[in-house]
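The following block contains the structure, expressed as structure tokens.
To keep things simple, chains are lettered A, B, C and D as they appear, and every chain counts its residues starting from 1.
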Amino acid sequence: MAFKLPGVIKGLTVPFRTMTQPTVTVQYPHEKEELAPRTRGVIALKEENCTACMLCSRSCPDWCIYIEGHKEKAPPRREGGKERLVNILDRFDIDYGLCMYCGICVEVCPFDALFWSPEFEYSEFKIAKLLHDKDVLGEWMETVPEVEPLEAGAVAPKGAK
Amino acid sequence: MMNLLFASNGIDIGWGTTTAIKTAVVLGTIPAGALILGYVFLLKMMSHMQSRLGPMDPGGFHGWFQLVGDGMKFLQKEDIMPEDADKRVFAMAPIVVLISTFLVYVVIPVGPSLYVRDLNVGVFYALAVSSLSVIGVLMAGWASSSKFALLGALRAAAQLIAYELPLLLAVVGVVMQARTASLQGIVEAQHEGAIFGWDSIGLPFIFTQFIGFGLFMIAAQAELTQPPFDMPVAESELVSGYMVEYTGFRFLFFFMGEFGTAFAFSAIAATLFLGGWTLPGLDMDAEYMKIVGPIVLFTKIMLIAFLMFWARFTYPRFREDQLQKLAWKYLIPLSVINILVTAAFIVWI
Amino acid sequence: MPNLIEDVKKAFGNDVIEIEENYDDVVVRLTKAGYEKAPAILKEQLGFDFLSFIAGVDWMPMPVEAEEGSGDTSQPAQPQEMTFGVTGSASRFQVFSHVQSTSQHVGLTIKVDVDENDMAVSSWTKDYPGADWHERECWEMYGIDFIGHPEIRHLYLPGEFEGHPLRKDFPLLARVVKPWPGLVDVELMPGEGPQAEESE
Amino acid sequence: MTTDSTPMIDIDPRDMHHLAQAQMNVELDTGDMILNMGPQHPATHGTLRLVVRLDGERVLAADPIIGYMHRGYEKLTEYRTYPQITTLINRIDWLSSFANEVPFIHGAEKLMDIEAPDRAQYIRTILTELSRIATFILFLGEMPLQVGAITPAFYGFRDREHVLNLIESATGGRFHPNFNRIGGLKDDLPWGWTGECRRVLDICAKSCDDFERLIVGNEIFQARTRGVGIITPEAGLAYGVSGSNIRASGVDWDLRRDGPDYLSYKDIDFKVWTHPDGDSFSRYWVRLQETRESIKMVRQLLDKLPSGPVMAKVPRIIKVPEGEIWVETENPLGQMGYYIYSKGSTGPFRTKIRSASFSNVSICPWLLQGIYVPDVVTVLASLYFILGDIDR
């Protein structure tokens, strides 16, 4: 097998050049990489918008959203108007042990109550703790980035979330 | 070696103590050499070549404690033996491999009088002893009663034996040119030698024996089963060849054996081809050489080891039939031609 | 496309029960005898050198686990009467395969009926060795036997798995084990709304 | 080069199957050694188990046993609606997951005869080609790792990271973008994405040159891969091998150019690379050239990107009318196709998923005959299959 030298020696230059260039490692616990605003890290719940219409829990492929609510009488919008019946949310849990981050619930919600946030550091020792309830989801709300501008030439569909 | 050191200031310590001190020093250099080579090349250089940082946290500055920590981890690991393994042979195998590494250090000169024993057959003794590891590898492969280990051991045996020949023939040129086989003699020959009358930098044999140097490096790479010759421990097929059943401190022996032999071979290569522990301008027998000598040899070892590990991280591995063909059809004829050319030079010029 | 239909008709003669063009692909339904000699004809005469896949289909309508009116829409509501695909079917099971010609860049889907009491079809492994795995999967999932297949054994499922999972009457346990979270509805005010609509 | 490499047993594939079905009996035959490579083995990318009957180091018969990762997708699709299925099927070939969604969505759109707007088609093509670049760059680093070189694998992962970050900034998910909707895309590209995309393409182009110099020219790599695992065009097609594997055997067939036109491949011109040899080296070489071709394609697409909406008018609850359709696309691993039977409900009645690696690996019993154990690893690496693709 003729030893064509150039091929083998030429190959050696690539690792040597990489050795001289800066490395790409991000030392995670000390430095943190900054994620894209659209990253699907965790789902945040804006409780005021939610009317417990159960659409998200019905369309979730993994069956991991559990909702309980009850009806209440609420003061009429305009005084003298009729008494209104309002859905009050008692329980809104998302089980992140089952969730596959597909985002169908965020899209299907007609009242814009669910948002994506790029937060990802919520790992637990016990899997049961991955069941985030209403107020934990509420806390994620501040980490939701505001909607970023679209690329040139894009026509934003009406009422884009 | 020590009484020469102390004799100069009048204390005469007996032969027994000097041998004890020499053995202690050699016992110390094997793990130290393995750790240094392992850390500098396997951890830091390999990672920077792959554009990553390598260990940073252990031991604070650049993770120097990583390999020491690994060593301790291996020590406290449970020593498992496969249930139908041949117990005694299984236990003896790593020790045989390690013994062959120790014996090589006997002849490596580090300073004017700093060597354990200056045998006049130095070079051939070193290379002969280093082939003892073949027995250890076979013992490990057969004893651990696992298919992968068996395959690995058979491949290792075939490869190590095939590359003994080019390893030795590559060195014959150097011995002829230095007219002595003793390593100390070779170092002196390179110090006084001259290239066609111009002797300001002495004659490191790499200039005249560059074919020999190339052959020696390739054969050494094969002896250490490092890529491109790491068929016996091909991790993508045999996981880790003959070492697959070993855990705990026995695996540590193998690891130390591997890197210790790498350190030893780099030392031999440095001594034979790069002028050993001397630098051109320095006077060989001066007092200070006892300190400067080891440092010079260490830097040369690092240089040679850099070449070895650079090839180790870049090249894919040969299939064993190509490996054998390379040895028998290309390396051995080339080394014989090299010997003839050297002989011609010596006789006519 | 039209000349392909003529070629297939000419090649198979009266073995062709039905042939139709469907979204830039031609679907043909053959008799069992036609299906047996199909691979030789397809490969030599019609030049279909690439076998894409062989699979089965079970036309039985989807059984609906949830009882009526419980509002369980976890499963898409499929029509209950037994309808068939483009070229119809005379039996509950069908084997369909797709072959392509890499030179003329054209594809053909072949279907054959498998009636329930004689669940066997001839194997294509002689002409298309690639059919080996497809047929093993189809046997495993539907229970359709392939005559002449070198060695029918389980491909995906463990050795002692009984039952044929892809049949419509084989339950999907994951759906049965866990109650559907979407069933729960908003609790009504006490004594309000029609009694029928109370929730668990 | 290794002109006199071990002679391949070239038996006509037609009468190959009776050899291939050599029954893997458990008790040890005299002289033969049954070696289990997998299901937990570094050479098999995941849980493929290869029962290999050895005579010394030469393989007599190899029988891949699959199913360790069978998730039963075809059964699951019968219990789900169309949007839920798109999240499911991008988990089949998880390295180029965007490319899995495209045929299914295209089939559903054809059944409902909805046409996604131009900009959506362009962005889909860009993202498909980007996932192809990501998959192939990982392959360019992964195969030398199986053949023994440690360093290239890290270059593969490092350069693929840029492409994944790019896909994540547009779709939100690195591995599972879930960006396709029936009728278009979920969202438009964020601000400054096209500029970032051009920068990443330059990095990928430089990375391809690095791989060329580091691997393709290397004699040891050529010695290990030339003439190893030769797939003849007829045997390959008869076994259903598709994609770069069959183009490396000289078959000039690429669904992007020859198949029914989908996405916007007709607006750009690209070359289909083939190699006459059909051995492991040519498969590596073809994938390297295809990565460069994809980089050129994405640059053309970026120049011609039209403006406009990305979502067509689609009813809120998607009911696909009755009918059936066969849709296929050129995925990085080969021909990916769906045969969708629909009965007018919100979910399909039956979906046959034709994945590329299933057929690519089914050639192994024929291909691994009579070669050495180390070559088994080289051949498996050069076929480049994904376990999710095989087991579905």
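Please note the rule applied: a contact is a pair of C-beta atoms (placed from the backbone, for glycine too) under 8 Å apart; a residue touches a chain by one contact, two chains touch by 3 or more.
Here the structure is a predicted model, which is why all the values come from computation and not from measurement.
A.B. asks: Looking only at C-beta pairs in contact, point me to the busier pair out of A-B and C-D.
C.D. replies: More C-beta contacts join the chains of C-D.
A.B. asks: Between chain A and chain B, what distance separates the C-alpha centroids? Give it in angstrom.
C.D. replies: Here the centre of chain B sits 55 Å away from the centre of chain A.
A.B. asks: Suppose each chain is reduced to the average of its Cα coordinates; what separation in Å results between chain C and chain D?
C.D. replies: So the centroids are 24 Å from each other.
A.B. asks: Can you work out the whole-Å distance between the CA centroids of chain B and chain D?
C.D. replies: From the centre of chain B to the centre of chain D is 45 Å.
A.B. asks: Taking each chain's centre as the mean of its CA atoms, how far is chain A from chain C in angstrom?
C.D. replies: 37
A.B. asks: Touching at least two other chains at once: which residues of chain D meet that condition?
C.D. replies: Where chain D meets two or more other chains at a single residue, that happens at 2, 80-81, 151, 155, 158, 214-215, 218, 220, 223.
A.B. asks: Among the residues of chain A, which ones contact at least 2 other chains?
C.D. replies: 1, 3, 8, 11, 14-15, 18, 24 - these are the residues of chain A that touch more than one other chain.
A.B. asks: Any chance you could list the residues of chain C touching two or more other chains?
C.D. replies: In chain C, residues 74 touch at least two other chains, as defined above.
A.B. asks: What is the shape of the graph in which nodes denote protein chains and edges denote touching chain pairs (line, ring, star, complete, other)?
C.D. replies: Drawn as a graph, the chains match no named shape, so other.
A.B. asks: Check the chains against each other and report every pair that touches.
C.D. replies: Final set of chain pairs in contact is A-B, A-C, A-D, B-D, C-D.
A.B. asks: For a test of understanding, state which residues of chain C touch chain D in their complex under the given definition.
C.D. replies: The contact residues of chain C facing chain D are 22-25, 27, 49-53, 55, 57-58, 62, 74-79, 83, 85-86, 96, 98, 102, 105, 107, 109, 125-130, 132-133, 141, 150-151, 154-158, 165-166, 168, 170, 172, 175.
A.B. asks: Quick one: which bits of chain B touch chain D in the complex? Just the residue numbers, please.
C.D. replies: So the residues of chain B in touch with chain D come to 46, 49-52, 147, 151, 227-228, 230-231, 234-237, 239, 313-322.
A.B. asks: So in the complex, the part of chain D that touches chain B is made up of which residues?
C.D. replies: Per the stated touch rule, the residues are 2, 6, 33, 35, 37, 41-43, 57, 144-151, 154-155, 158, 214-215, 218, 220-221, 223-224, 372-377, 381.
A.B. asks: For the complex, give me every residue of chain A touching chain D.
C.D. replies: By the definition above, chain A touches chain D via 1-4, 6-8, 10-11, 13-15, 18, 24, 35-40, 59, 61, 100-104, 107, 116, 148-157, 160.
A.B. asks: Quick one: which bits of chain D touch chain A in the complex? Just the residue numbers, please.
C.D. replies: Residues of chain D touching chain A: 1-2, 80-81, 83-84, 87-88, 119, 151, 155, 158, 161, 165, 168-173, 176, 178, 186-194, 210, 213-215, 217-220, 222-223, 305-311.
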